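In the two assemblies presented below, subunit A is common to both, partnered first by subunit B and then by subunit C.
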Partner chain A sequence: MINLQPYSNPIYFVWLAVTLLPLMVGLYFGKRFVVYQTIISGIFLLLIFGGSKWQQGLALIGYIIYQFIVVGGYAAYKKHANKTWVFVSMVSLSIMPLVIVKLTPAIEVGQQSLIGFLGISYLTFKSVQMIMEMRDGTIKKFAPIMFARFLLFFPTISSGPIDRYRRFQHDYVQVPTREHYLEMVAQAVHYIFLGFLYKFILGYFFGTVMLPQIAQVAISHRAAFFHTGISLALIEYMYTYSMYLFFDFAGYSLFAVAASYLMGIETPMNFDHPFKARNIKDFWNRWHMTLSFWFRDFIFMRLTFFIMKHHLIKKRTRIPQAAYLVNFLIMGFWHGVTWYYIVYGLFHAGAIIINDYWLAYKKKNPQLPHNRWTEGLAIFITFNVVCFSFLIFSGFLNTLWFQAR
Partner chain B sequence: MNTKQAVIELLEDLTGTDISNNLDDNLFASGMIDSMATVEMLLELQAKFGIDVPVSEFDRSEWDTPNKIIAKVESLV
Partner chain C sequence: MKSRRKLWSIFGPVIVAAGLLILLFSLPLGWGRFSEQTEKQAAVSLSPKVFRGQKIKQQALQNGYVPFFGSSELSRFDVFNPAVLAAKYRRSYRPFLLGAAGSQSLTHYFIMQNLGSQLRGKKVVFIISPQWFTKLGQRPDAFGFYYSPLQTIDWIIHAKNNPADRYAAKRLLQMPSGRSSQTTAAALENIANGQSISRFQKTVLRAKETMLRNEDTLFSHFQTNKNLAKVQKSEKVLPAQYSTPQLQRLATKVGHQATSNNQLGIKNSFYTRRLSGNHMQALRDSQTNFDYRQSPEYSDFQLVLTQFSQWHVSVQFIIPPINQRWANYTGLSMPMIHQTDQKIKYQLQQQGFNHVLDLTDDGNEKYFMEDTIHLGWRGWLRADQAIDPFLTKQQPQPKYNIQNRFFTKKWQTSTHIE
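The block that comes next holds the complex of A and B.
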């Protein structure tokens, strides 16, 4: 049986266009063909997780059943009680499969967990979110079929963007007006072409053409500058990798959003000109937005709320600092249990804390100059700080320092 | 003191700026309020007005200007 990874080659787009067409005709006439959509979703999931990836397919099925028990169980419990320890246990249970998958390669080097599959971390965000919103009372009912549709929505299953249940449900039930749907289709076509440019031209150029060559030169200079490996080629690697990372991931995200739009679902955007950010805070409002907003809403804000409500930290300025550290440390671990992902998280926490000091200083000193030159300088500094963080993130320093022989 | 006045005072305490003439300014876009200030605001609203807004109920686009916040609070009091 064939196996097709999402948005990876032209055949996938042909399949997408052919299978979505009937659905699009339905949406144009104000109808969502639910049965048809379920069938093609099944086909696409089979293409992603079938064939040589059948083990992942089994892991996915097991995972879905498990999350149904956890989330459904919590929903049933929440009807008559609301203990904190039950909530915490359920969140822990929901995260457990991901923790196992992330820890396995760190404990047994290079070993991949049998319960892992493409997209497990994204599905975990969706499941945990359900439990948290049930705790808050914003999701009151456990609707198993809608929950399955939400988890298994195939355009975003492998790498997001991470949608929110209530938003998704609204779009699924409420078919867009014809006028609005036509706008969405036009937008989708635009996104697909932009995605081709990003992922298959620019991403390919930076990632496949340039990066391996630069990596070789940088490795050959690994004894440079007192054996730190700091060389011109390393700096080149930093910028090239940053460009590759952005264009590859933003390109993928554009495809995922476009496919969702064609299906009448307004999956949120993931990127908003991140390299135009004026500071690190601004950057996280523009980079991998659905992830950073998820962290903001379900970790950072909840944690600060908890700390303030229980007066755990006396000094006002220390509260967000502590929350940033926890927030970005978890984000680091989520990327993977390696030193460079964790350092990447800590680096961003440090950058955002320093940025907060600067913003407070600026507020106290309104006489500081503010013009397009200072804004340009701010963008330049932010860009370089971000690119440096991506060099850490790339894992190339690990290769350079500990693996290259 | 009416609700509107109380909310404006709360926001001025929070942002440290006089907002009474800019009730339609976007507080998030201008950086006057961030996630941390949002949490402080929610806790203050709970203490002052007894309204309970869970974090997951908080949709930024519905709370991004002083006028919207006033309207929200008035509807929840």
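The block that comes next holds the complex of A and C.
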């Protein structure tokens, strides 16, 4: 049995083109072949989670059944009651598998949880979002089949972008007009080729050609600068890794968005020139956008309201600061329970809080210069702060300080 | 009508691009020659890309380069590395270094597969390390690192139904890399079972071969490697004229300076990086159970010998020693090392491979080893005294007598010679 990892090699794209073609013809003529789409989705899921990855496949099936019980159960309950503790427990139950998967390697060093599979965190985002929107009343009905389509939408199953249920449902039901669909197809082709450049040329160059060499040199200098390992090579590593991270992930996201477009679903974009950001807040509006927007809508905003409603914090300016801290801490834990992901989260929280102070200061002092030079400086500073955070994120410091022999 | 035009404007370029790509990879294009500089870089690059490829090696071997098969010792570009000596003293040969950490007989066997016409009747140097002969032999991950689909396909297309090829096919199928492509794996199963490959398999493999060959030729033009600079830097340290006593003095001097921070005669940088601190304590008596006498590697090595014999290649073998002080420290058994050495030499001499430089007993010589198991300053000089005459003087046509018993489990596990 063959196994194909999403967008990892040319064969995957050939499969994609061949299987999507009938669906595309249908969409071109204003029809969505639902049965056909279901069948090819099944085939792709089988290719991704079959063969040597069959354990993951079983874990996925178990996970889906579990989320159906949790989300469906909450939907049934919500019809006649609306207790907060039920809502909180349902959200906790929904997150639980992910928590187990993330905690397992931290507790039993290096062990991967048996219930884990590729993309579990992205499916969790989708499930939790369902429960939260049901609580809000924005999602009123639990439609099991549409929920399954939403969760298992194969172009985005492994690493997002994280779509929203109502948006997805709308696109699925409402076939785009021919004119609009052609626009989407044109965009998709452009994205796929841009993705090739990003992931297979630039990402490969930075990640596979450059990075191992630089890592080796940096490790050999690990006694440098009073045993901190700070060397020129480490700085090189920082920038190279940042480039790799961006091009690899942005390339993947382009593929995922393109495949969705071909299927008539306008999955949101994940990146918008993140290195042009003028401050950290701006950065999070451009980097891994579907994730940061998810965190904004379902953690940051809710937490801010919660604090205000219950008057937990007196001083108004402290409220967003606390919310940022919690928000990014959770994001850190979500990446994995290791010191460097958590420090990465805290670092961004710190950066965004400092940035808030600066913006407030700037507002009070309108005489401060603002021209293209200061903007350039802002971009430069933001870029370097971000790259430094990626160095933390990369885990290389962990290797350098605690693991390298 | 408007939509149709739009469709063309979207997919037209894609179709053209796909067509061009298919043409680029499927036509048997030559892609011109490589410059002398590219050859030079590739010869010392030690890069898996070069090992896996074909074209640049073919061209270099036609232009006076001689393959030096080995493993991690080749990557030490200090003053006396064979590549440095050959370049400095303008020898009639230039080493083409093939091998790096983790490359063993099986990798070398496949590296040779598409160099047949360049190796036939020629000379090569082969540095064979006792450390290859571990209980499990070639590590699959290391093999995978150097695995070349192109060489494997070339080999499959020419494979015959004989003990060597059946053995090689079985060996490949034990490696995850050998199973990574379904067509390849199916063809290998056929060969391992003594059947010929189907016409369909052959057609698919031929098409893949052309594609991979074009890919190899195209990307071989891009050599990015810092090793050539290291070689050129090392050349400057050597005296202008080759003089054995002068070089011996230099080797002693450089070796002395470079091994000042430890008692084991290990290069300072290696010692600091790999052995300092707590590592040293952990390594004391850590190798008492090492045993190189029983290993599948003996049969993998036999594959290499069989290939040399088929192509009438003259081979200078070098068996490097182990740093004696290091062996004492780690508790490595010297009787075991000697028996390993005897077994390797027996396998060589029984089949007519008589150019063997056995350095096993030189592990105690000062500045002979650069670190634990890798030849260093005086060690390379000693090797050079065998390599230089072997390659620059006329050698009689070798007469080999290949014996298939070396492919058996019995030989792999035997500890008694005869």
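The working rule: the second predicted complex is superposed on the first by the 405 of 405 C-alpha atoms of A that agree within 3 Å, B and C clash if a C-alpha of one lies under 4 Å from a C-alpha of the other, contacts with A are read in each partner's own complex, and residues count from 1 in each chain.
Criterion: a contact is a pair of C-beta atoms (placed from the backbone, for glycine too) under 8 Å apart; a residue touches a chain by one contact, two chains touch by 3 or more.
Small disclaimer: the values here were computed from a predicted structure and weren't measured.
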| request: Please tell me, clash or fit, for subunit B and subunit C sharing subunit A in the overlay. | output: fit
| Touched partner set for A:185, first subunit B, second subunit C, both or neither | second
| said: So in the superposed three-chain picture, is A:137 touching just subunit B, just subunit C, both, or none of them (first/second/both/neither)? | reply: first
| message | Contacts for A:220 in the overlay, against subunit B (first) and subunit C (second): which applies, first, second, both or neither? | response | second
| task | Using the superposition on chain A described above, determine whether A:304 touches subunit B (first), subunit C (second), both, or neither. | result | first
| task | State whether A:2 touches subunit B only (first), subunit C only (second), both chains, or neither. | result | second
| Partner contacting more residues of subunit A (subunit B vs subunit C) | B
| query | Tell me, in angstrom, the smallest C-alpha to C-alpha distance between subunit B and subunit C in the overlaid model? | reply | 30
| request: Please write out, lowest number first, the residues of subunit A touched by both subunit B and subunit C across the two complexes. | output: none
| Parts of subunit C lying in touch with subunit A, wherever the complex brings them together | 3, 6-7, 9-11, 14, 182, 224, 272-274, 279
| message | Show me the residue ranges of subunit B that touch subunit A in the complex, using the header's touch definition. | response | 16, 31, 34-36, 38-40, 42-43, 54-58
| field | Of subunit A, residues touching subunit B in the complex | value | 132-133, 136-138, 281, 296-298, 300-302, 304-305, 308-309, 319-320, 323, 359, 363
| note | As the complex stands, subunit A meets subunit C at residues 2, 28, 178-179, 182, 185-186, 189, 209, 220, 223, 405
